[in-house]
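After this come two complexes, each holding chain A, first together with chain B and then together with chain C.
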Partner chain A sequence: MLDIDDLSISIGPHEIVSIEHLSIPAGRRLGLVGESGSGKTMTAMSIIGLLPREAVVTGSITFDGVPMVNRPERELSKIRGSEIGTIFQDPLRALNPTMRVGKQVAEALRLHNTVPKQQVRSRTIELLDQVQLPEPEVLARRYPHQLSGGQRQRVLIAMAIACDPKLLIADEPTTALDVTVQKEILELLGRLSDELGMAVMFVSHDLGVIQAISDHVAVLYGGRLAETGPTDQIVRSPRHRYTEALIDVNPGHPEDITASLGKALTTIKGSVPPLGAFLPGCRFRGRCPHETERCVQEPPITEMDGGHVFKCWNPVEVP
Partner chain B sequence: MTDLSSTDGLFFDYGSHTRRRGVDDDWTLRDIAVTIPAGSTVGVVGESGSGKSTLVRLMCGLLMPSRGEITFAGRSVNDWLSEDRLDFHRRNQIVFQSPASSLDPRLRIRTSLSEPTKALERRRPDTAELTGWLADVGLSGDVLSRYPHQLSGGQLQRIAVARALSVRPDVLYADEPTSALDVSVQAQVLNLLMGLKSRHGLTMVLVTHDLAVVARVCEEVIVLKDGQVVEVGPTADIMTDPKTDYTRTLVQASRATSLSF
Partner chain C sequence: MSDPTSTIPSPDADGLELFDIEVVSPRRRLPPQLVIGAVIVSAIVAVGLVSIFWTPYDLEAVDVPNQFKSPGSDGYLLGTDKLGRDMTSQIMAGARNSLLVSMISTVLSLIPGVLIGMIAAGASPFWQRIISRLTDIGIALPGILVALVLATSLGPGNPTAIIAIMFWFIPTVARVTMGPSRQILSRDFVEAARAYGRPRRFILFRHVLPNIGPLIIVQASVMFALAILIEAALSYLGIGAQRPTPSWGRLLKEAQPLMDKAPYLMVIPGLSIMIAVIGFNLLGDGLRTYLDPQQKAKGAG
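Presenting the complex of A and B:
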């Protein structure tokens, strides 16, 4: 349903994103994972044309058979919010503080004329109920500041699914939330995606969160696709050295808490280089503990069973 | 271990300082009795609104209790603040969640880093001292001339830690110090805090909603819910055998979003 081929996003002299191929079949969930500055958000936003004005995009993004790259703004804005829904990290900033939340959900419905005028109100309540907000009639009359962080994110999800989108882009939607609320929101998104047959592109820096929501994952580093494939397979047996590092760095839940207490956590050497400061060849060079002489060249693409693909000269050995 | 800091029958409410209130009223913190043993690392966990940040702000003297007592090094915090206010603040330092907003955007790092020494010790630190503090948190002296916007989140959090430690405190309170950071940077900052703690013989109180972090760093945990302590104990016990439903929910939620192999 969504196909990305030879996508390249540049700002000025710097190529920020360069992806050979990435796709999401209808109704499926894909996680984009990587550190800050790895190009996750740029990749997601390029789909709906929400990039900085000076960004130059080449290659092809096909959504439901329709090309999206360099599409006129008028057509894009019709697709945004109707066929592709979006939710962001900070729900408070995404809501209008001076408008009751019910009205904001109704606005999403009116804008795309999805239901007849007389039904807007009842559909609004239905949507608030669908995202499991308690007493939707009462809640619809509240202002954003009267809701908790989790409730605000639910309102945004209600707005995003208002027009039955085929794809939902979720950019770190649970990063600002408590663990308990995070779990509820992830469960809600999973359930809505199953019930509505809605595909999800889920952006996060936390592989644990990605594993909880999506069956497939794409690991990005320096704007390049390091590894992609089924989430469980990649978490259990990563091949790319960056994926391996991302897994090792996750504090997780140790088996023996007393033994691991106070012991240093595994880290990734250095930090993500600033734009334009990546070395040629493999992007992870300089931070990778398994670097070889060959890594100065662009790494080869290795395809394995089950759609597991990685780009690494010196991959993790499979046992 | 002796107790360095403790609270007894502590009540607090943001609006109640002038009002008479009964113990049954709706308090932000209600009847808190906790102890922080000297030299330990204690985690304070709970959901948003549970009062965990309020508790550490009270303990380090940034807020005054509505009722009850806070004791530091065997002496009431009230006495400390009226008799040795500067010394109390020197001994109790805190770092916050967002390093970008705890450093003044208009000041060079040199100025921000010098502030606690100027305020609490009435002197101006020299470049050698400043560079030494930065080296302690793994940064070079180059950053002294920079402004906050020129540095990354991880670097800024290191500077906030260096600034707190510049006055050689007894206790370092850290309020969600890694929540705004990437997982990779989070591990670096946690390692830094653990290393500094053992090098300087600090006592550390870590506020977080992330039990995975607590499990790696803290010996003891205080679980707060709606302003009350629901459970206190060694981390391993609380993580493997929580005694209350609330703690169980927290542990399960944390496991559900952790990597599983």
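Presenting the complex of A and C:
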């Protein structure tokens, strides 16, 4: 349903994102994982054309057979919200502090004339109920600052699903929340996606979160797709050296937490280079512990069974 | 600050216990400036309103035998001028004129000024720069000079004063609106609104305007004070109100040649202008403190 081909996003002389191919079939969930500055948010926002003014996009993004790249703003705003819903990282900042939350949900409904005017109110309450907010009638009359973080994110989810979108873009929706609330929100998103048959693009820096919600994962590094495929397969046997490192730095499951205390945490040495400072060839060069001479050239694309694809000269050996 | 929400153990947990407690934002104490300013302003407005229906004497009733009565004598609370006209009546009517001119010019400046500021904030960097420079020019023009030019082409009077004040204010309002609007436009909820399919121009009215509302209210009260001062100045210079239109500035001008003979004729309108300006400034200052988003955030917890 969503197909991204040869997507390239540049700002000034720097190419920030370059993706050969990425797709989400209808009703499926894809996780986009990467460090800060890996271009994951840029990629997600390019789908609905919400990029900084100076960003130049080439390539093709097709949503439901409709090309989205460089589409006029007027047509994009018809698709935004109605066909593609979006939720954001910080739910407090994504809500207007001067409006009651019920009104904000109603606005999202009214914008695309999804329901007749008389039903906007009842549908608003229904939506708030659907995202499992207790006492929706009472909560609808509150202002954003009177809600808890988890409740605010539920309100945002209600706004995003108001018009029954085919695709939901979730940009780090749990990052600003407590771990316990995180789990609830993830479960809610998974359930809504199943119930409404809604595809989800889930952006996160946390592979654990992605694993909990999405069946496919795409690992981004430096704006390039390092590895993509079924989540289980990639987590079990990563091939790209970056994915391997990403899994290694995970301190483990909560039950191991006492075991891991006192032990030094594994890290990926160095940090993501600033824009324009990437070495030629593989983007992970300079930080990769398994670098070879060949890595100065653009790595080849290797395709395996089950849609598992990676770009690495010296991949992890499969036992 | 007593904050009822802070008594809840973990305000971020999605626990149900939160719902048993009514979340009330604590009532903030009114700043003293706000109270004093509001009292002064209400008194002036009341005097102005009363003057429409009743003044102790007819404004223009000449009564030469009773000329130069000092304040408080023979039932003339504020005395009489050189033709025996009652000063109390003229000051009352002057309040009305001052308020009317200030209100019209403030409102007529706010509407285009805020619109220009908001539109500029949402425009491309190129247009932002153009509009910024244009407002710079507008701010740099000496207001009195503009008023003089206007007076020569339009003739003196209240409309000339109003137009001159608008020339003075619109660039300032546009400038003051632009920065905060740009800040609001860069906030996440604006991006969110766009992600829900809201076209840009609606975002300005739906999301930007309510968020810069407090700022505009404060700006309006400060402008009001300034407008009173400018109206008086223009009338004093003979560009504003002309006899028989009552005006504090005009009274001041007429009192000037008689400074030695009857100083109260000058002191009374002067004091009136001063009190009105102080009143509106205090009101603006009080509102600024009261509507301060910093303070609001503290209260919200």
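By our rule, the second predicted complex is superposed on the first by the 311 of 319 C-alpha atoms of A that agree within 3 Å, B and C clash if a C-alpha of one lies under 4 Å from a C-alpha of the other, contacts with A are read in each partner's own complex, and residues count from 1 in each chain.
As a working rule, contacts are C-beta pairs under 8 Å (C-beta built on N, C-alpha and C of every residue); 3 or more make two chains touch, one makes a residue touch a chain.
On a predicted model such as this, the values are computed, not experimentally measured, just so you know.
In the superposed model, A:Gly149 lies in contact with both chain B and chain C. Judged by the touch definition given at the top, the superposed model places A:Asn96 against chain C, while chain B stays out of reach. Contacts of A:Leu127 after superposition on the shared chain: neither chain B nor chain C is touched.
In the superposed model, A:Glu35 lies in contact with chain B only, and not with chain C.
After overlaying the two complexes on the shared chain, residue contacts for A:Ala199 are found with neither chain B nor chain C.
In the superposition on chain A, A:Asp178 contacts both chain B and chain C. Where the contact sets of chain A with chain B and with chain C meet, they give residues 148-149, 178, 180-181. Chain C meets chain A in the complex at residues 11-14, 16, 18-19, 23, 25, 124-125, 187-189, 191-200, 206-207, 210-211, 213, 297, 300-301.
By the touch rule above, chain A contacts chain C in their complex via residues 48, 50, 53, 73-74, 77-82, 85-86, 88, 90, 93-99, 107-108, 111-112, 134-135, 138, 142, 145-146, 148-151, 156, 159-160, 162, 169, 177-178, 180-181, 184. For chain B in complex with chain A, the residues that touch the partner chain are 41, 47-49, 152-154, 182-188, 190-191, 194-195, 209-213, 215-219, 235-236, 239-240, 249-250, 252-261.
Partner chain B is touched in their complex by these residues of chain A: 35-36, 148-149, 178-183, 186, 205-209, 211-212, 235-236, 245-247, 249-254, 257-258, 260-268, 271.
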